[in-house]
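Structure first, then comments.
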Amino acid sequence: MNLERKKVAVFRKEHFNAAHRLHNPNWDDATNTAVFGKCNNPNYHGHNYELIVQVTGYPDPQTGYVMDMKVLSDLIWEHALNLFDHKNLNEDTTAFKHLNPTAENIAVVIYDLLRPQIDAALDLKIRLYETERNFVEYPA
Amino acid sequence: MNLERKKVAVFRKEHFNAAHRLHNPNWDDATNTAVFGKCNNPNYHGHNYELIVQVTGYPDPQTGYVMDMKVLSDLIWEHALNLFDHKNLNEDTTAFKHLNPTAENIAVVIYDLLRPQIDAALDLKIRLYETERNFVEYPA
Amino acid sequence: MNLERKKVAVFRKEHFNAAHRLHNPNWDDATNTAVFGKCNNPNYHGHNYELIVQVTGYPDPQTGYVMDMKVLSDLIWEHALNLFDHKNLNEDTTAFKHLNPTAENIAVVIYDLLRPQIDAALDLKIRLYETERNFVEYPA
Amino acid sequence: MNLERKKVAVFRKEHFNAAHRLHNPNWDDATNTAVFGKCNNPNYHGHNYELIVQVTGYPDPQTGYVMDMKVLSDLIWEHALNLFDHKNLNEDTTAFKHLNPTAENIAVVIYDLLRPQIDAALDLKIRLYETERNFVEYPA
Amino acid sequence: MNLERKKVAVFRKEHFNAAHRLHNPNWDDATNTAVFGKCNNPNYHGHNYELIVQVTGYPDPQTGYVMDMKVLSDLIWEHALNLFDHKNLNEDTTAFKHLNPTAENIAVVIYDLLRPQIDAALDLKIRLYETERNFVEYPA
Amino acid sequence: MNLERKKVAVFRKEHFNAAHRLHNPNWDDATNTAVFGKCNNPNYHGHNYELIVQVTGYPDPQTGYVMDMKVLSDLIWEHALNLFDHKNLNEDTTAFKHLNPTAENIAVVIYDLLRPQIDAALDLKIRLYETERNFVEYPA
């Protein structure tokens, strides 16, 4: 089988927990409450985030792997999730010091952290579940 | 971060229950039974449908949202699911009076109901689970 | 290992779909609507029911089985689910001709159908999911 | 069918999000870190909690319900989850002002909030998922 | 509704169990262990594989089906899963006699087995879960 | 709150993969095939096992924990799952050298391995999923 011409996507799912608050510092409190509702609570709330990292390319004919899932998992933790797990995204991270930690923005930030760590010949996509009912994908 | 150039998909999952029957009125009973089997039961059967609505676009730099999930959820119920939830799709709805309520057709109908309610700059996609093992996506 | 003195519960999960309507024929329409709400829809609605049958006893030392799961699955279908799958519980079944098909009552009916089919030395329990968020167990 | 002699358990699942921090104020920082690890982060982290409330009793022969799930859901929110959803358990609640918000303690607190709201003839049990892999049940 | 111009994807999920071992016969044992770790165990390990087969095309206006899910399920078993279910992929199958049974390769093999069985006008895609946390998709 | 009188169960979920074969060496091949069917395949098949360990007792008033879930997870791996994960249960383990590796027997074996490692004042129960549809619990 000539795997070099068969493009496959591989997916690795990871889990992390964090506190956050949605807030735009350029707005007054009434506007923040009107737009973000309960998610604007000044003392924060939190989530169990489920992250799925998708890497797409041609399987290596020697291994049959697009990428070793153990290596991918380690990269995800070393370069992204160790910064966020059991943290307050607004208070404890540089990424969200001046960026609203919506699911959309967290997905983009994780993409930007992982992109330099993954072989440039491989495509990268991030899916992030904030809850079972609300999730995002980047790039779309 | 220049979010205006980062296209993100956001997904909202909703749940509804309905009765339905698969049936082609142009066919005789034997053909309907041969094609639709148990799903042709004249007294109907039913499902817990899981609906995932995907909206794709550029996050608003003020909110970090492609679209407010609460607004999206309200639109889904107001313009689509209130018509179908705890209903008999064949008997209680205009959409399926003359259209077979297969998962494929339900997904297309929901798309057509929601498309005018969502900003034209945003892409829309519907995923509908009829059971955990049978589901559809439109547009493909 | 003396398995004869080690009591183990085994569980088998099955899936069926049905239409139903909650209704008390001794009440007027206003009372039925007040009590059962959308579930009283005269044209029915429906569900994907998940059934978990629990059988408890001592593993057979020759097989290591409390009960063969294939045999249990066949009994569940032959004596219970074939009566209900892709049916209208109110219209197509004798069990619910004069019994309101609430999840509680469906669980009791399934128990009563299966109890004579299972060795009397084994305990039997039924768990029934009407939706992911509403489920029942009998006997409690 | 004489339902009055058939005891059934009914279960309702609800979801809430909260921030929290595990901390014993009687201990120094080193002890808190040694015991609670990442969960002691002073700026909090958070979870999507899944709550399952179990109520056990005899179905009402008029309704076939042990308890109306809509009524149960409303009680859960009015008397418990509205206090915790999108909140910081340590900072925003009286229940955890002086009580460590472990899953065990949250389950006991929710039980104590709901017990007076449920008919004394019915048994009550709480299952709380802090993550998919860590959960608790009370009373055991 | 002109369904002939509405392209829909339909998905069918199936389950199978198998033993396997990851191994490159061109490498020595040390290299195999270094690359494949626990997955190189000479006596095999195993998985519950979840397979999702996606078929994309235009619904038939007579049925409202892109493809009958019962027909698709039967094709999946007849032409692919009967070869692998409750088997040792390395020992009991011709497909993996000389091909490493990584999730990537299993997905490609299943695609190649099913492609000739599905109408050429329909697109085909395979998603395969080796575990809940590791899965692949082909073609990507 | 007097937690010392409030008994709580805590649950920890872990995952492992293994190959196995159901076989009774005292029977001839025809009997083994008749009883165990595809599960008797001489070259083995395999599963993703999900293990839930339940520990019941009184929360420690200093921590609010019945037991530290990290400690419990480490005990589960050190004393049980490291013996079985990515192994052939029949060939690679002493526990199943002469014991048929049914789900019932695996649950009893894991109980017996963990029981001496858990404080005798705490109750222990094992739930083991062989597949999503077949699972067991011990002691029942």
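By written order: A, B, C, D, E and F. Residues from 1 in each chain.
In the analysis below, a residue touches a chain if its C-beta (ideal position, glycine included) is under 8 Å from a C-beta of that chain, and two chains touch if they have at least 3 such contacts.
Treat the numbers as computed from the prediction; the structure is a model and nothing was measured.
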item: Lowest number of touching-chain links that must be crossed from chain A to chain D; value: 1
item: Touching chain E and also chain F, the following chains; value: none
item: Contact distance in steps, from chain D to chain E; value: 2
item: Far-end chain from chain B, centres as C-alpha averages; value: F
item: Same vs different contact residues, chain C with chain F, by half of numbers used; value: different
item: Chain whose average C-alpha position is farthest from chain E's own; value: D
item: Rounded Å distance, chain D centre to chain F centre (Cα mean); value: 27
item: Whole-Å gap between the CA centroids of chain A and chain F; value: 33
item: For chain D, residues that touch 2 or more chains besides their own; value: 132
item: Touching pairs - complete list by chain label; value: A-B, A-D, A-E, B-C, B-E, C-D, C-F, D-F, E-F
item: Sites on chain B touched by chain C in the complex; value: 15, 17-20, 38-39, 41, 43-48, 85-88, 91-92, 131-132
item: List of chain F residues in touch with chain C within their complex; value: 22, 24, 26-27, 35-37, 99-105, 107-109, 132-140
item: Contacting residues of chain A [partner chain E, same complex]; value: 1, 3, 6-14, 56-57, 59, 62-66, 68-70, 123
